[in-house]
Structure formats: C-alpha cells, structure tokens
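Same chain, two partners: subunit A is paired with subunit B first, then with subunit C.
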Partner chain A sequence: MTNDRYDVIVIGGGPAGLAAAVSAHDNDARVLLIEREARLGGILKQCIHDGFGLLRFGEKLSGPEYAERYIDMFRARDIPALTLTFVTKIVKTEQGFEVHAVNRQGISVHYAHALVLATGCRERTAKQVFIHGTRPSGVFTAGTAQHFVNLLGEMPAKKCVILGSGDIGLIMARRLTLEGARVLGVYEAKPTPSGLTRNLQQCLYDYDIPLHLSHTVTRVFGVDRLEGVEISEVDENMKPIPGTQTRLDCDALILSVGLIPENELAESLGVEIDPKTKGPYCDGQCMTGVPGVFSCGNALHVNDLVDYVSENAAAAGKAAALYTPAPQKYVPLHADGSFLYIVPQRLDLNRDNTKVAVYFRSGGDFNKTRLSVTADGREVFAKKYAFLRPPEMEKLELDFGAFGLTEESDIRFALQLQAEKEREA
Partner chain B sequence: MRMDMSKCNRKLNKQFGGRVRASFENDCIVLRGELERWPDVISACRTAARKYSRIHVVNDIVCPEAQDAPMRRPSFTDHTLEGAAPDVLVIGGGISGASIARELTKWKLNVLLVEKESDLALQASGRNDGEVHPGIDLGKGSLKHKYIRTANRMFDTVCKDLNVEFHRVGQYVLFGDVWLKPLIRLYCLWRKYHDGIEDTVLISGAQLKRKEPLLDPEAKFAILNPSAGVVCPYGLTIAYAENAVQNGAKVSLGTAVLGMEVENGTIRAVHTNRGTLYPKVVINAAGVFAEEIAKMADDRFYSIHPRRGTNSILDKKAGVYMHSIASVIDLRAQLRAHTKGGGTMRTAHGNLLAGPDAVETWQKENTETHPESIRVVFDKQKKTLPRLSERDIITYFTGVRAPTFEEDFIIERGRRTKNLIHCAGIQSPGLTTAPAVAIDVAQTAADMLSEKMTVEKNPAFDPVRKGIPALREMDEAQRAELIKENPDYGVIVCRCEEVSKGEILDALRSPICVPTVDGVKKRVRPGMGRCQGGFCSPLVTQIIADYLGVPLSEVRKSGEGSVITFGKTKTPEGGGEA
Partner chain C sequence: MKEITCIVCPRGCRMQAAEENGVITVVGNSCKRGYDFAVSELTDPKRTVCSTVRTAFPDVPVLPVRVSGEIPKARIFDVMRQIGAVCVKVRLGRGDTVIENVLDLGVDVIATSDILIENGKAGGNI
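Showing the complex of A and B:
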C-alpha cells in the first residue's frame, strides 16, 4: 500500500474532472486525479460528432478534440493522474478524506483535504422504463451502442428503432444511418422532444428519420437476437393506451431515455441527493452537504453542453482548492413549480457569493417568459426569455452578495409567462 | 390396483358436461376429451388429482388454445458424443441434474450430463428467488416434506464445500390480526410435533420491529423461521456441475435429447443432436420437459403443467431495507394459491428482490415478462415492506416451474422402464431439497448399476470446489495479495458490481467454460448492477473475443444467434459499404 497526501483529489477524468483538476492546480492546490478508465477524456472519447466547445472555445470541436484541449492543459501542469484506477471507498477523517483505490499495482490509499466528485452519469435502462417481453441481445442504451460503433468499430444494428429523443439517441440515429444501418424511427413517450433543437434538425430531419411523439416501446420480441418491438401510443400521463400496439420488426433497440448522475461514492459519504437533479444538494461553491466534498459536471446535474460542465467544474475545483473548514450558514434558493430544477439549491453565506453561476431547466415549453428572482418579496433580478424548453439548460450569473442576504432571507425563483404578466398589469 | 373413477367423472361431468372423462389406466388417472381453454384443462386435472398422491393425473385433454411452440433445441448437429456409453446419463442441467451428477461422482462411474441450452441453470433453476426454505408450509406425506429438513440443514456444508454464497437469514411471516395468534401458535405446534419443523417461533410485533424495523408497521406478530436462508440459485447449480466435472463427470451443453429406443422395458439408445448414446442408466431431470422425456422412455405416468413466476431485482441501495425474507400472509388467498404468494427478501448478493407471482401457462419456455406480474407483486409486497418501490427496480425475469397436478416431486425408478430414474415435478422448494434429493437419486442409480456391474466408491472424490475469488468482498490486504499474483484482479471492468478483468478471465477458464456475456455475468456478475451492463458490456464482449481469439461479432449474449454486433463498420457484414 502506498500513501500520498494532497490538497484536492479529483475523482473522474472526464471533462468535469479535468477542468476541476486544472482549476484546483491553478489555485495553488496539490492535486491528484483518479480515473477508472485507461484513458482520460470520459465519455467525450466516443462522441466523435462535432458541436462541442462553441461557448468555451468559440469553435465547433468533436468530443475527442474538446477532451484533448483539456488533457493538454492538464498535462502541461504535470498534475499526477492515476488511470485504470478504481476508487473502492472513501473514508472521512478528522483531517479530510482517505481515498482507497485499486489498480494493477494493488491497493493504494491517498489523503486529501478536499474532494471533487466528477463521476459523470449513467444511462437509464430498458427495465427502468418498464419494457417487457423477452431478453434478447440487441437492446442497447445509446451510449453503449456509441461505444461499439465509435470506439470498437462494430455495428450493433442493421435495422433499428430508437426509443427516446434524448441527445445521444438523436446522435446515434444519425451515426448508425451514416454507417449503413436503417433507423426506422425515433419514438418519444413525451409529447415534446427531449433533445436539443439543433440535434433534431441535424440528426433526424436532415436524414428523413421520422420522430413519433407520444409513443413508446412496451415490449420486445425475439429469444436470441431482437426480432421486433411493440410500439404503443401513450396518454397524457405517458401510460400506454391499450389497443394501440403495433409491431415493428427490427434487430436492435437503442434507448435514449434519460441520464442519472452517478453518486454512489457521494452517497457513501452521506451526501444528500436532490430528487429533482438526482445529484447532490450543493451551495454556490458546488460544495455538497458534507463539508469538503464538492460535486460538478454531470454528477451534479445532467448538463446539455460540455462547455457548461467545464465551467462548473472549474468553479468546483477552485472552491475545493480554497476550501477551509467553516460552519455553514445556509440560505435556500426556492424555485417555483415552473422549474424542472435549479442548481445550486442553496447558498452558504459564510462563502463568497458575489459571482454564482445558477443553472436551471424549465418544467415545460414556455414562450416569452420572464424569470424573476425575489429576496423577501423584493425583486432583485429579472431576465426575459423568448422561449424556454426543458432540454435546453439555462445559465445565469448572479451577484448574491449585492442582495443583502441573511439566513432568514426568502429567495425565490419564478417563471412568469409574459402574457400573464401583461394581464396582471 | 384398481381405482374407482365414477365419483371423479361425476364431478367432471358437472363441470364440463361430458367433454372430459377420466379413466384409470396403468395405475394413472388419464384425462381425455377436448376443452377450449387452458384454465379449464388445469381445473379438470385438478379435480381428478389428489394432492401428494403417488397416483398421477396424465393430461391427454386436447386444448386448441394451448399450442406450445416446439421445444427450443440447438440448430446444429455433430457427432461429438456418437457411440458414447456412459454408466449414467443425466438429462437436464438445472439444479437437479447438476447436483445428481456431482453426487454420482462419489462413485467410480462414467457420468454424462446433457443440457440443451448454452449454459446451466438457464430455465427454472436460474429464474427463481433463491430462497432456502424452512419447510413451514409442508405437510407430512409429501416428498417435499421428506427432503426439506435434511436438505435445509445440509446447506452450510454444501455451500462451504462448493464455495457458494449462502446466508441463513431467517424468514418472517407477518400477520396483521392479533386474534389469529392462538391459531397460528397451534399451527406452529402442529408443524413442530407432527411434521418435525422444529425451529419455528412466534415473535411479537415489537420483537419484529427490533429485528426488521422497516417491515409492515401494522404487523401484530410474526412467525420466524430461523432456518430459512438465501443462496444464489444459478451459482449453486454451476458450482455443483463444476465440482462434478472436477471429479470426472462430463457436461455437454447444447445437447438435446431427441428420442430414445426402448426394448423390453429398457432404454437401449438415446438420440441427441450430437450423436446416439448408449447409457446404462438414464436420469430424467428435464424440468418442464420431464414428461416428454418420460414419454420417449415409454414411462409416462404424470403430467407437468407449467406455471410461470416473475421476480424483480432492485438496486442494492434498497437492499439495506431488510436483511431477511419476509411476507405478509393473507390466509384466505394462501389456501387458494399454489405458491407462498411471493415475498420480499435480500438476495445472497445484497439486492432486494420482490416476487414471484404464479400464473398457469401451457408455454414451457416462454419466459417473457408482463407488466401485470410486476403490478401484482408490488401491490401485495408494499404491505410487507412499505418502502418497496418500482423506481428501484433494475431488472425482472420470468421462470417457468414444472409442477405435477399432485403438486409433489416424483423421485423414483421408472415404473415400466427399468433403467430410468425420474427426478421430475421439481418446483419450489426444489432448490432447497436438491442436495438431499441428489444423494438419494445417485444412490438409486448406483444400486441399479450394482445389479449389473461392480460399483466402487471413488476414492479421489473431492467435495471442495475452488470458486472464483470475489475481490470486492475481501479485505484490502487479501485483495492486494491477489493483485500481486495477478494484476488483472486490479483492473475493474464492471463498476457497479466491482468486477475485475481477472475475475472475468477466471470465469472463462473455469471447468465449464461458457464464453457468452450472460455466462460470464452469471459466474462473476459484470452487468448485474444498476447500469445493467451499460458501461461494461462492450468491455466484457471484447475480453471474451480476445480470450477466444475470435472477432467481436462472434461473441454472443447467450444462446445461438444472440450475437451482439454484426461485424466491423465500413464492411458489408456491418451493413456499410466495403
């Protein structure tokens, strides 16, 4: 067993982990990054399509190119990284954290003052959306299919159906089409698409792939390899309507039915999880409810663009580097029912809240909306949006320091449809 | 022996207006006629059957609705087994066949086990809840009862020898009505003194709460059966078969019995897709197909009516809600149903499990799942464990039980065919009884063979199977030691279940190599976790391909044709242009 002491240990070497490590290093912390895969870059390694980096670098990069930029920054700083190394457990101690890891060399224990959890997210599976029937091969989550096609150069489908209009599903529809597979259609249980508008255009419409809203896959057929799927229409509660089933023959079903932040390590430390984001409750510094544990990227909440992941992770890395224990003085940020969620969910008034990034998604498709932030009934911030859609994450930067907040402050985020606002006036 | 069928036929006439008739032939109750619907067939056969009777109902009722698909069998034929003349041929690689094969290797015998599927325990033995039953619900006079107590006690030794995870966690049966307590106390006493189920105790609601604080808060008292336990059912089956192979038995997967030649009450030859065999003794452990095998052997004296059940596996995060096996009992439902009605439990691997239900079906191999099964089980079991939630489900699966209409096992020599032993009608608690049943069946086979040849004990028999180390369960020093010997143990492939590349390679090098994604998954668990192989399945597929030295597109999930990919991109096989 070997021992090492660090200011910050970053767990996860994807875009979030890399940005966090670089930022922590630049804020004079001694950093160690631990990555379970052989190579850094996380899921970006398999995202060979472009569109990454528009916000961050002002150009359209492919996933591997975007990752490379951060890997270069990371390497230029000589930050130590353990790859093909898996964290088995983390123990909280008086001084900080004891990170136990396993790799080909054996077991190692590393000590850190603060942790950044950049563990990414995983995909929801067929059984989590209650698909029934047989258990053949040929049912893949979109990310798994992408791994086969883009990393292994293998075709997982010849004639396939895609369930879910999440971004990876849309991207895989195009990718498989380009590789010669037939994509019979994309089926989405919701009445509105789940992916970014640009992906709907560039991945489906440009290739004449039909999108069927309010439809889902209820059953799969085939004992060995998938032979077909049953499609059902769903009602407004997304429940299949009996009698609407039709069978579609295909050899693969690709699922893009949602992402779940990976927080098993966080939970083992006692970090409390927000049921809305499925990531930790955090404050303006990305610190979770467990002092010294920071969360960022898709582990904190599922982002739409990697650019936001890098930005948010850099903030977390910096905060971890600057972390000194202090009692928390929390004030919650309330979001009304028109939001899907907001992050952070609270502020720690003992920290610097002059420049806090707030990420949110709306709870529905809204046109001409006014976002209003009030503190104790007094509006402290407002912004107009031409449209808001749940798939498109929004970001604000707020100077909460200017609002004169106390622990008793009642901070509320609300979305008002302009039409309503005008009526009120 | 004669049996008067007139009373039975009066009942059948009343129910089905003369469309079905029972007659007593060859010591069996044979039902003939025609019924439109399968539930009526079941009902007619139940009318004629007596529970636990040795006189069985043979179902020859024609039912147009019940047209089952032909038995799934390997598509290939070869001659690898042609002319083989094992002393004992075991048909079926479920828990019964595997445990019998292992017990047979205690003698110096040539043992061959054939299984038509691509792996062991692919049907009922791999598709149940893994409970080691205490026998509280079994009455004297049945074979189930005869074996349950002995077998239950054997589990500690058997699982230690075979290196299989087993936890004697106890089973709670919860009651909400306090007025039932005196009755249940009497029931337990009856079971104790009449049926010898000695360990059962009654505990109060308060005691229950101390032991399992999250179970039904309205439970007033509970039966506690401390002898109940949980085991990995396919793990135990595989372990038995591997130990059999270590001790000299041969296991041939992908081998289906297609016919037999029977002369003068003796099986002379057994036809398979891999050649004709000439066994001295045949053991029928064919599960739902036991009746078909009996028929081939000219010894059909019972009928199997398939009954499916679906279990749900929940996230290990929900596994902490309880430590044992529990169910709330609705006495009225209990009297009607042919199952303990399912329950909730923490499996041997630490997941929460809910189920199973019980649905009669004519389809012996249809293991499709249906939303109703999940609904029925969850509606009921949320009473047992209020925290139970569909949201925690990570997977569900269906198994098909193989009961007779007498709802008891058939463990005996052939009635007309001399060199045959039936181990049929095996349903719950067949997993529990297997260790004891196997000893009996193996002894019977040895006795049969002794009539014709000298049967000696196998002095080299080693009961111990060295399993594959599960590194996630070891302490760090042990783990580090193993990684030093084999660095692949330090490469984690499956993050959810923390499975290393070394363990996966061990599974591929195990005595019965099943180089499929499911085969590896059953042996060392990659893909069993909450992401269901989302992250690790490409890696596992690649490891298998590398190990076999074949292209990735030849690696299968499970059976023939269950390929995972179709070939390289940019090639005609992969669907693209060359």
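Showing the complex of A and C:
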C-alpha cells in the first residue's frame, strides 16, 4: 500500500477531467488525476468525426485532436496521472477524502482536500429497453459499434437497423455507411428526434438514410446471431399499435437510446442526484451537496458539445483548488415546467456567484421564446431565442452577485412563448 | 424553395433558400456563414470526411484521419476508396499527411491522433 496527499484529486481522464486538472493546477493546487483506461482522452478517443472545438478553438477538430490538445496542456504542467487505475471506493474523513484505487501494482490510497468527479456517462443498453424475442448476438450500443470500427478497425455489421435517434446513433449511421454497410433506417419511438439537427442533416439525409419517427423495434429474430427485427408504429403513449408490424432482415441492431451520467462513486459518498439531469444537484461552483466534492462534464449532465464540457470542468477545477470549508447558504434556482432542466440547480450564497454559467435545455420545440429570470418577482435578466429544442443545450452567464440575493430570495426561470405574450398585450 | 439545415456550427439553424434569376435569397440563418453555406448547398455542396486507415502496427490496428479541408460532397465515396487502400507503415503523428492532394482535390488526408507515436515511445511493436 502506498499513500500520498493532494489538494485536489480528479477522477476520470476524459476532456472534463483533463480541463479540471489543468485549471486546478493553474490555481496553485497539487493535483492527481486517476483514469481507469490505458490512455487519457475519455470517449473522444473513439469519436473520430469532426465538429469538436468550434467554440473553444474556433476550429473543426476531430475528437482525438481535441482530446490530445488537452492532453498536451495537461502534460506541459507535469501533473501526475495514474492510468489503468480504477477508483473503487472513496471515504470522507475529517480532513478530506481517502481515495482507494486498484491497478496492476495493487491497491493504493490517496488523500485529497477536494475531489472532482469527471467520470463521464454510460449508454443505456438492451436491458433497459423492452424488446420481445431471443437474445442473439448482433444487438449492441452505438458506442460499442464506434469502439469496434474506430479503435479496432472491425466492422460489426453489414446490414443494420438503428434504434433511437441519439447523436451517437446518427454518427454511426454515417460511419457504417462510409465503410460500406447498409443502414436500413433509424427508428425513433418519440415523435421528435433526439439528436442535433445538424447531425440529422450531415449523417442521415446526406446519405439518404431514412428516419422513422414514432416507430420502434418490438421483436428480434435469430437464435445465435441476429437475423431480423420487427418494427411497429407506436401511438402517442409510445405503445406499439397492433397490426403495424413489419419485418426487416438485418445482421445488427444498434441502440442509441440515451446516455446516463455515471455517478456510482458520487452516490456512494451520499451525493444527492437530480432526477431530471441524473447527475448531482450542484451550486454555481459545481459543488455537489457533499462539501468538497465537485462534479463536471457528462457526469454532471449529458452535454452535446465538448466545448461546454471543458469550460464547465475548468470552473469545477478552479473551485476545487480554491475550496475551503464553509457552511452552505443555499438558494434554489426554480425552473418552470417548460424547461427539461437547468444546471446549477441552486446557489450557495457563501460562495462567489458573480460569473455563473447556467446550462439549460427546453422541454419541447419552442419558436420565438423569451427567457426571463426573476428574483423576488423582479426581472433581473431576459433573453430572446428564435428557437429552442431539447437536443440543443443553451448556456447563459449570469452575475447573481448583482441581484442582492438572500437565503429567502425566490429565483425563477421561465420560458414565455412570444406569441402568447403578444396575445396578452 | 429549399429547406436547408446549416451544419457550420452547433446551432443548426433551419434555413429556407430560394433561387430566382440567378439570385439566391436565404432566410432563417443567424449569421453570414449560414448564408454562405446555403449558397454552397445550392451551387456546389461540400463536406469533410473523417475515417480511419489501417496500420502495420498490431498495437494500433487503425489510425484516425480526416481531410484537411472541404471536398465536393459527390466525391466522398471516391475519397473513402483512397483512404481504404492505405496502410500506414511508419509511426505518423497528429497533423501528418497520409495522402497528399487526394484525387487532385487540393486537400490532404491527415492523421488526427498521436497514438502511433505514443505507443511507439511506450515500447509498442516495431
């Protein structure tokens, strides 16, 4: 057993963990980063398509290029990193945290004053979607398909069906098509697509891959290997409509049915999880409900843009570096029912709230919308949007310090459809 | 009139473009880049291609690559065939050229990762 002490331990070496570690280091903290895989970079190692970094670097980079730019920044600072090391347990102590990890050398314990959890997210799997029939091979997630094609150079399908219109599924529809596979279609149970509009265009329509909304896979065929799937139309409650079944022959069913923030470690520490984001409740400094534990990137909420992940993680890393214990003085940020979620969910008035990044998704497709923030009934911020769609996350930067908040303040975020407003007037 | 989704930035503006007597009008774009994209879609659509090339190194079976600039959309599969024919035998790094001036389109196919170099340092095969 070895042990050592740090100001900040960052768990996860994806874009979030790297940005958090760099930022904590630049704020004079002694930092250790722990990553379970052999290489740093997280999920971006396999995202070989471009489109990353437009906001952060003003360039259209591929995933590996974006990740490696951060790896370069990380290495330039000589920040220690343990790779092929899995964090198994974290114990809260009086002075901070004990981080237990295992790797080929055995078990080790490391001590930290503050933690940044940057553990990313995982994909929903076949177990989490209900499909009748056998369990043949040939049913896997889009991320698994991506791993096979982009890292191992192996084609997992010749003729496939994609269930779910999440971005990874769309990206893989294009990727498999480029490599010579036939993608029969993308089937989405909801009446609206889950992925970014630009991905529908550049991944499906560019390649004449059909998107079928309000359709799902209701049965799989094949004993050892998948031979086909049954597709049904669904009603507004997403229940299959009897008599609408058709069979498609294919050798793979690729699932792109959603991502869930990875928070096993957070939960083991007693961090409270927001049912809307499936990530920790946090304040304007990315601190969770457990003092000294910070969360960022896809572990906090699933992002569609890595640029925002880096930015949010840098804020978390800085806050962790500057962390000193103080009693919390929370004031909640209420979002009305037209939001899918907002992050952060509250502010701690004992911390600096002058430049707080607020991320949100709308609960539906809204055109011409006005976002209004009120504090005790007084409007403190407003912004107009030509359109808002749930797949496209939005970001605001608010100076809550200027609003004269107290613990009793009532802060509300509302979305007003402009047409409605005009009618009222 | 044509419905076009702008793919230049993550906002993904939905635009309507119309051409009359050689004059193109665009609505729905939030910035000039959207207008330029719509014009290009109507006249000479362009895209980028990202893929992988095989390598001779067992520790890194494939290396990610992309084109260094846009190519005509109609040539995507031609470029994919060129990429598919390559096998990398030296440990190239990020930004290094894999295919120079591919199919005379004025762009190179470049590597987008340092993985071969890193694994080389770490004592990978060869």
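One rule holds in what follows: the second predicted complex is superposed on the first by the 425 of 425 C-alpha atoms of A that agree within 3 Å, B and C clash if a C-alpha of one lies under 4 Å from a C-alpha of the other, contacts with A are read in each partner's own complex, and residues count from 1 in each chain.
Assume contacts are C-beta pairs under 8 Å (C-beta built on N, C-alpha and C of every residue); 3 or more make two chains touch, one makes a residue touch a chain.
Not measured: the values here are computed from a predicted model.
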Which superposed partner A:R198 touches (first subunit B, second subunit C, both, neither): second
Subunit B versus subunit C as contact partner of A:R135, first or second or both or neither: first
Per-residue touch tally on subunit A - higher for subunit B or for subunit C: B
First, second, both or neither for A:L152, with subunit B first and subunit C second: both
Touching partner for A:K92 - first (subunit B), second (subunit C), both, neither: neither
Subunit B versus subunit C as contact partner of A:R346, first or second or both or neither: neither
Partner chain(s) touched by A:P64 [first = subunit B, second = subunit C, both, neither]: second
First, second, both or neither for A:A386, with subunit B first and subunit C second: second
Touching partner for A:K276 - first (subunit B), second (subunit C), both, neither: neither
First, second, both or neither for A:K368, with subunit B first and subunit C second: neither
Residues on subunit A lying within both footprints (that of subunit B and that of subunit C): 149, 151-153, 179
In the complex, subunit A residues that touch subunit C: 39, 45, 48-51, 54-55, 60-62, 64-65, 68, 149-153, 178-179, 196-198, 200-202, 206, 304-305, 386-387, 392
For the subunit C and subunit A complex, residues of the former touching the latter: 5-7, 9-12, 14, 30, 47-52, 54, 61-62, 64, 66, 73, 76-77, 80, 94, 112-115, 118
Residue numbers on subunit A that touch subunit B, as the complex places them: 1, 36, 84, 86, 88, 100, 102-107, 122-123, 125-128, 130, 132-138, 141, 143-144, 147-149, 151-158, 179-181, 219, 223-225, 251, 267
Touching residues (chain side subunit B, partner subunit A) in the complex: 72, 317, 367-371, 374, 390, 393-397, 471-472, 476, 479-480, 483-484, 487-488, 490-492, 495, 498, 517, 530-535, 537-538, 542, 552-553, 556-570, 573-577
